[in-house]
Amino acid sequence: MSFQEFLHMGGYAAYVWTSYALALVVLIANVVQPLLQRRRLFAALARKRRRSARN
Amino acid sequence: MSALSTPRAMALLLRRDLLLAYRRRAELINPLLFFVLIATLFPLGVGADSRLLQTAGPGIVWVAALLAALLSLDSVFRSDFEDGTLEQLMLSAHPVSLLVLAKVFAHWLVTGVPLILVSPLIGVLLSIPSRAMPVLVASLALGTPVLSLIGAVGVALTVGLRRAGIILSLLVLPLYVPVLIFASSAVDAASSGLPVGPQLYILAAMLVAAVSLAPVAAAASLRVSLS
Amino acid sequence: MVRTFDPNLSLEAADLACIRDDRVLFEHLGFTLATGELLMLEGRNGSGKTSLLRILCSIRLPDAGAVWWCGEEVQRLGPDYHEQLSYVGHKDGIKQDLTPEENLRMARALGRPSPELDIPEALELFGLYGFEDVPTRTLSAGQQRRVALARLVATEAPLWILDEPFTSLDRDGIGVFESVMETHLERGGMIVMTTHHRVALEGERVKRINLTA
Amino acid sequence: MMRFIHRLASPKYFYDVAGRIVPWAGWGALILILVGAYWGLVEAPADYQQGDSFRIIYVHVPAAWMSLFIYVVMAAAGAIGLVWRIKLAEIIAIASAPIGASFTFLALVTGSLWGKPMWGTWWVWDARLTSELILLFLYLGVMALYGAVEDKRMASRAAAILAIVGVVNIPIIHYSVEWWNTLHQGPTVTKLDKPSIAPEMLWPLLIMAVGFQLYYVATVLMRARVELLERERNSRWVQELVQPR
């Protein structure tokens, strides 16, 4: 099987590759989101700490 | 003097809620009007072909009933929450779930029963054959209490929220799916002269399950919403 | 002969904490209340008085600690505890579309009816004679408050939990309610309350907790 | 054993243990998913009826499994949190919701993408797709309720009750939809049901499924850790974590 054939997926390329791409996006999004949230939280906590340190 | 028996307290609560509904009887008509209105809009939207209406009729009646039930749900606990009587119910000497059951029953009597009574009229508008009318009424009689009971859980969860309406429909409508399926299929089967026993038995089973489980869930939800 | 309550009743709280929107309102709060005692909760607005009352009623869960009624945790007692308490909160807890009499009848159905006072007597005590059969919504705010307070004497519960009971009462109403509280304590009842008014009850039986401190 | 549970229930300990599990589960998931995808896309032979389009199965079916599995986990964790008032269980429940919802979404869209070449339309009221759609609404309801209640402790208890109500209803909904489907569709070929499947097609499916499970473990713990930090932001251990002295 050539690489071309592999990409072609027997004529179903659009469906198969969209499915896998979407799965990839969803899987990555679920990892990235908590990481971002964690960063936001740490930034907020650090801000709060600086504020209270100044007072 | 000891506390009243719980059934007596439930009866008094039921009486109180009916009395309150009677004192605000002008509002009672609204869900009913809504029900009739939706049923009128459908033929205007899809065309008045009587064959088409016959196939779609049972579904339309039931979707309309679902929406009318949803519209009236908010009043189960809302006013009691706002004036603080809900707190008093939670602090009563009786199990909250049974008091909830009494309240839901009162609510069904003033919102569900009128729907059942006008449903033959809607059936005529949607050209449901007259032999299916008893089944239509029976399916509503078994199904609308389930709607009220499941709805009560949803209202109990959202009663503390300021804008509860849209969330309430998101919580409650998916749970209405089985009732919709079996009830409209019963009416459908009846209009084509098929037996309807299984559907009605399943609806009855759902009613039994809802009566025994929903008040407990609603009581637990109220406890969360009030804290 | 006025009936007295069981002298062995007690309300106890230990290590209570309340956190609201990640602000600690109070923590490590505890007290014991015996029959005939009044507990006054003091503190600034927003210091958690209402939250504490709601925890004591078992409407709200404490974030730590527990409340015991006669040695049993109130969350576990449920209705058996509710039977022993009457609560008048911020909201009057009365139906505007019902008459005072109908409101009290419902209250008696939910709790334990008082063997000493019937509904007309309870209303009369609070100066509502002649108003028993008009819709409550036509009454003034002070009169509505009186209906809510009449619930306390129309039912029989040893423990009263009161959130600012004097709100919108006139001087006469305050006087009446103070003497009602006095009688309740003499019978061996207990009261937990918050108020911004100076209350004419004094002596050993009055305990105070300041939440701001 | 009890002591272990008790220690696990302490937020700081949970935070540390979860932090140690996340990389293992995460890398394991990555490897399994890559192996499963390679096997499914390259090694497995094409289906003699459906050609290569059946390869969507390796995403669709595990996602559909996970969507149900996570809902059950969410309801169970919610029930534990409600009954024993264990904060961590509440957090696990609420952290599961968005992950479960995204798997449900994935199952729906891939089902639709699979259906297009098979049925010729994007959407068929097939029993499984319909149930999956309702499941998505149930997830969205839980998330919307959690988002709408301001006090997060109260919100998670409300969401837990809703999840339990949902989990009681899921079998009823599933059964009724299936029954409705046979009634209205007649004998349509249910392509999504595979009575028998060749082992060389099955293996990648199972590997994918385990990979998704591990992925769920990793992401739910990641979310739970962040949620825990947010709720405990005023406690000493979080303060020390943010800015160690």
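Going by the order they are written in, the chains are A, B, C and D; count residues from 1 in each one.
One rule holds for everything that comes next: a residue touches a chain if its C-beta (ideal position, glycine included) is under 8 Å from a C-beta of that chain, and two chains touch if they have at least 3 such contacts.
Note that the structure is predicted; figures quoted are calculated from it, not measured.
Steps from subunit A to subunit C, taking the shortest chain of touch contacts, total 2. Of the two chain pairs examined here, B-D and B-C, the one linked by more C-beta pairs in contact is B-C. Centre-to-centre, using mean CA coordinates, subunit B is 32 Å away from subunit D. Measuring from the averaged C-alpha position of subunit A to that of subunit B gives a distance of 43 Å.
Taking each chain's centre as the average of its CA atoms, subunit B and subunit C sit 36 Å apart. Averaged C-alpha coordinates put the centre of subunit A at 16 Å from the centre of subunit D. Touching of two or more other chains is recorded for residues 61 of subunit C. For subunit B, residues that reach two or more other chains under the stated contact definition are 227.
Chain contacts: subunit D has residues 233 touching two or more partner chains.
Under the contact rule stated at the top, the pairs of chains that touch are A-D, B-C, B-D, C-D.
Contact residues on subunit C toward subunit B in their complex (touch as defined above): 54, 57-61, 78-80, 82-83, 85, 87, 89-98, 102, 105-115, 135, 156.
For subunit B in complex with subunit C, the touching residues are 1-4, 8-9, 12-13, 16, 19-20, 23-24, 82-85, 87-96, 99, 223, 226-227. Contacts from subunit D toward subunit A in the complex involve residues 26, 33, 37, 41-42, 46, 51-53, 55-56, 59-60, 63, 98-99, 102-103, 105-106, 109-110, 113-114, 116-117, 215, 218-219, 222-223, 225-226, 229-230, 233, 238-239, 242-243. On subunit C, the positions that touch subunit D within their shared complex are 20-24, 61, 63.
Chain contact summary for the complex, subunit B toward subunit D: residues 153, 157-158, 160-161, 163, 167, 170-171, 173-175, 177-178, 181-182, 185, 206, 213, 217, 220-221, 224-225, 227.
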